[in-house]
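One structure coming up, written as structure tokens, with questions to follow.
By written order: A, B, C and D. Residues from 1 in each chain.
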Amino acid sequence: MFMNSDNAGPAHPKVMAAVTRENEGWQGSYGADAAMARVTATVRELFEAPEAAVYLVATGTAANVLALATLTQPFQTIFCAPAAHIHEDECNAPEFYTGGAKLTLVGSGDKLTPEALEASIAGEEMRGVHGPQRGPVALTQTTELGRVYTVAEVEALCGVAKSYGLPVYLDGARFANALAALNCTPADMTWRAGVDALSLGGTKNGCLGVEAVIFFDPARAWEFELRRKRGAHLFSKHRYLSAQMEAYLEDGLWLDCARTANSRCARLADGLRGLDGVSFLHDPQANALFARLPREMHRRLFAAGAEYHLWGVPDSEVEREGGPLLSRMVCDWSLPESAVDRFVGIARG
Amino acid sequence: MFMNSDNAGPAHPKVMAAVTRENEGWQGSYGADAAMARVTATVRELFEAPEAAVYLVATGTAANVLALATLTQPFQTIFCAPAAHIHEDECNAPEFYTGGAKLTLVGSGDKLTPEALEASIAGEEMRGVHGPQRGPVALTQTTELGRVYTVAEVEALCGVAKSYGLPVYLDGARFANALAALNCTPADMTWRAGVDALSLGGTKNGCLGVEAVIFFDPARAWEFELRRKRGAHLFSKHRYLSAQMEAYLEDGLWLDCARTANSRCARLADGLRGLDGVSFLHDPQANALFARLPREMHRRLFAAGAEYHLWGVPDSEVEREGGPLLSRMVCDWSLPESAVDRFVGIARG
Amino acid sequence: MFMNSDNAGPAHPKVMAAVTRENEGWQGSYGADAAMARVTATVRELFEAPEAAVYLVATGTAANVLALATLTQPFQTIFCAPAAHIHEDECNAPEFYTGGAKLTLVGSGDKLTPEALEASIAGEEMRGVHGPQRGPVALTQTTELGRVYTVAEVEALCGVAKSYGLPVYLDGARFANALAALNCTPADMTWRAGVDALSLGGTKNGCLGVEAVIFFDPARAWEFELRRKRGAHLFSKHRYLSAQMEAYLEDGLWLDCARTANSRCARLADGLRGLDGVSFLHDPQANALFARLPREMHRRLFAAGAEYHLWGVPDSEVEREGGPLLSRMVCDWSLPESAVDRFVGIARG
Amino acid sequence: MFMNSDNAGPAHPKVMAAVTRENEGWQGSYGADAAMARVTATVRELFEAPEAAVYLVATGTAANVLALATLTQPFQTIFCAPAAHIHEDECNAPEFYTGGAKLTLVGSGDKLTPEALEASIAGEEMRGVHGPQRGPVALTQTTELGRVYTVAEVEALCGVAKSYGLPVYLDGARFANALAALNCTPADMTWRAGVDALSLGGTKNGCLGVEAVIFFDPARAWEFELRRKRGAHLFSKHRYLSAQMEAYLEDGLWLDCARTANSRCARLADGLRGLDGVSFLHDPQANALFARLPREMHRRLFAAGAEYHLWGVPDSEVEREGGPLLSRMVCDWSLPESAVDRFVGIARG
């Protein structure tokens, strides 16, 4: 009943097998391995983007901040949601990598709206040289609260960005979960909608630790490579990153894993929906459920060994009297149906 | 009728005379001039702080960001008001100088409250290593909207900061205006209330361009000196900064200038108060008035050559139909009473 | 006959097996995995340093720059050899991570001498606030030219650093090779000799990609953790780093691999020594041989598929007429004796 | 007999008078003052560069590092002489402002040669993504050792830079002294020779504190403005910078001051040349003399109140036995002939 996060489960056996298989003989280092060439070809094909520049790094934060640093000048500001990982969970890595750019928080919560984005962008640069200049728009798909931007929503947001000449970056740590939810093509959700660069997460969805960074316009590819090296994120034995990503994208494994994760989450929601005192922040759209549960239900679950996070309050809160407490349950590909069912059983009491 | 800002008037004749007087013979460079030794002694006496480290720089932004960089680690966040100069008007200089620290916006508007500060500080570090760590609290006195923190308010805010072990920095670009308004001692408004470091502005109040940075605890003084040099803010012919500050602090000139500026602003408010369609954001407490005026009154004033800023809307807005528009009038020491009276006369129509 | 580098061979089967074994169930993320606790205990025991703080990252550059950034202020300079990896091969990562510190190149070549270090340190800070301040001394063991500092040499260099109150960092990307060569204890070569922090490399010696950073004084451990996160080097599925390092240090595997690599290199040197036109930059002390070979010998070797680097000249140089060309051959644990023998055979013609 | 530096004398009376004159009424702030428009026009005319972007800052270091940061990517290296101010005397400001770029020291001493520059540039980027990329070439005119690049020398160095597509920056803290020495036009010494950007120093040659930064190609002008603001170097009461520069450039005052300074230095050299035990590092070409004097002569001069620097050794050295000690005497416009003559008289004993 591990639903703390999707970053604590094992790698998919096919991914692990690929890593093991890769462990033969010598390979070019620093990205010159044969597997990387195949990964680039595969990503280009999947995204219908024959010119795309494709790079691998080992952490989602590295993907985010290296891509953003390539798109941002230090005197600019990045527009993002207040709940964005780049704002809340990267210990100032974006500020560090951009050389001191600012993050402008747009609206509230996890999801940008075109109206809030428009207002936020319009509001900057009223101060000329005194305020930060407008920089990239950063979306997260799926969002930190487990929601999914529809293709039309991505288009609308990119439209606002483009009307100001700003690039759009998409943090796709859970890209596959969103794609599985939307049932569209990678191209539809990205460059066709106006996205300029994205991360394509593997770590949370069946890999050991690998994320692809994709630039649809390769003009700044070399700069990215230099920033990756300067950030100490260029692996000498890069082959092991490549092998993971190759297996992950092969035969749709990435989407299979995402669909499994999403369906576990739906099953969990179905099991909890309608129980006394239970309500959802919103209906789950991918692999994360944000649910308010009665404290007594939390206690029962924790006592039975369920693992998940209370959201925005310390764990100790569960022992006190009071109303339902918001919690986050995240399902990854490895979570068995039986664990979901057991969780629901305990919740039902 | 120049009320655009307090950064566009002339220097006080006594300050200018001091600069001219200083222009004789050779002097030690880089702060080793005789006048600087006198400035340090004077500041220590005025602030009843015999150990204080005192430095001069030429811009308010330099004072802010060098002091903050000395107090902040790059993985921390600085707590400040959304309207703070360091957030809105320094083109990411704090992020640059701190090596990428973040600014956490506390509450709304220009003025911190202890409750909002407490909530904001408490909210950070729930994420351990993932989020930024708590850093300094930055106050602005007088605020960007011309308000003054009482000594009790400064004490309460510092109390919150201290309860978390955080240092407090005070942006005193208009320190003299606040002091004149509060009629307290410099020590009461700063170290006795819990302030660790501040800037003492001269530029907006009768100088050509000089600000003192004061650290009550000299432990990090040498680091400040290195950061000043590294920031390219150490003047070789430092004597001209010293001469300004010396004249500014001599015989209470700084407070005289501030009192004059504040009284001009009060006169302006008295003249506008109660006019049809006129309302104030708040009663002016120092040298800045934020007043909503009917558009037709704005047009009349602009036509007559009055200079001031519309606040938050482009100038062109004044030509359109609609309700009153908020404007900011700032008075400096050099604004004649007659200019205020003429302004009021035109406003009255 | 792959001797290009020790970063292109496979991981040792025991290391790979450990990674595969680790791929079961859920584990605490971000370093809270069970294996990491065991790694910390093992490192402390091996280094006889029960208080040491131990961290894992995935690249040698990350280890170097995160450790150095923790030890260096941005207005300081790091003393290192001109051939140091941090100077030549990290694309300004040290300057980036330290917030703009400088590297002062001491003497020439790959190895510091106490005399050159003393002169270099003494030479800095003659300019007071104008020049950079003295920062850490960075050693590389084994050096970029494959040489080993004896324990006495490390002690002497640390002695110079300590006499100025400067910390010493040791880049141990090839720490095991040095230890195998010196046949001393880890403690002797590090903290007992005066080293404050080091990286303990795994990547080049049998791992997929993992390096330990060790601080003997844990006072700045938390700062390191924040810098690691801020640098995007904290792995969510950290368990796979831990598993590598655990297997690497178990039952002396790290030293076995290093001894194998070193002995291959010795065999290679033995095979080439005395051949017509062949000379060595210095006798190999660990796993790298720098040898001048006649151009015709290079051509023969390259034609037969030998892989190694010409040093300081482009590969095309080998086709031109002229004297012997310097080359670097690096042996890793996976290089078979037969490959060495074949290489020698071709060289002998 | 003050020859410590050219940064410790008074401002020229005409410059001071201009500052005083400027102290009337209100002026646009942040560079929007009327005087700045005139300065821009004058600089463009003097440099025969009608498109040039012209900015003012208050310190030479600010001019250097803001211009270089505009021309340099953080993953590049700046080519400069080991004695360059940007390397030795700016406490890592270039590394700070560029976001961590490196400085590659070319050859030895104060002056670049085309051969050394070519070798140094060619040597970088042999390491691809691993080493820093080639960035700007930075010259200093006059050099730190008081020498002057001829126009042909500047052309040759720019030629090397251009052959690699690299921009050239000229640190002209003592530009006027060089111009006076060469008796050429500003255009000849700069853009016609291949210089892309320069600082035009005022501080050391009759001003209180002002340097112009000139970009011949205005393409990156706006970026410079943002970097200046972000660096806290944009003055609100900018008029006082403008007034200095305006007076400085008016009627050839800048060249008059430089000629005076240079001739004082020549007179000093003439007076010392040939004395027993006296030798020059090189014949003075502008306003600085580097002379080896017998220790007893130093003692006599110091005892009589002469002020100048021993070069590369602590002052205490003068009390010990030994050979002549190198010293630096710098003459500014304000040094009277009589002071020179008195100095020479004492030296002669």
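One rule holds in what follows: contacts are C-beta pairs under 8 Å (C-beta built on N, C-alpha and C of every residue); 3 or more make two chains touch, one makes a residue touch a chain.
Protein names from UniProt, one per chain: A, B, C, D = Low specificity L-threonine aldolase.
Since the structure is predicted, the reported quantities are computational estimates derived from the model, not experimental observations.
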item	value
Taking each chain's C-alpha mean as its centre, the one farthest from chain B	C
Chain pair showing more contacts of the two, A-C and A-B	A-C
Where chain B and chain C are represented by their mean Cα positions, the distance between them in whole Å	51
Intercentroid distance (Cα basis), chain C paired with chain A, Å	34
Centroid spacing, where centroids are CA-atom means, of chain A and chain B in whole angstrom	41
Shared interface positions of chain A, touching two or more other chains	74-75, 90-92, 96-97, 99-100, 129-130, 133, 226, 229-230, 234
Chain B residues within the chain D interface of the complex	2, 4-5, 7-11, 13, 16, 19-20, 23-29, 57-62, 64-66, 90-93, 96-97, 203-204, 208-209, 226, 229-237, 240, 307
Footprint of chain B on chain A - complex, ascending	74-77, 88-92, 95-103, 126-127, 129-133, 312, 314
Complex contact set, residues of chain B against chain C	30, 73-75, 99-100, 129-130, 133, 223, 225-227, 229-230, 234
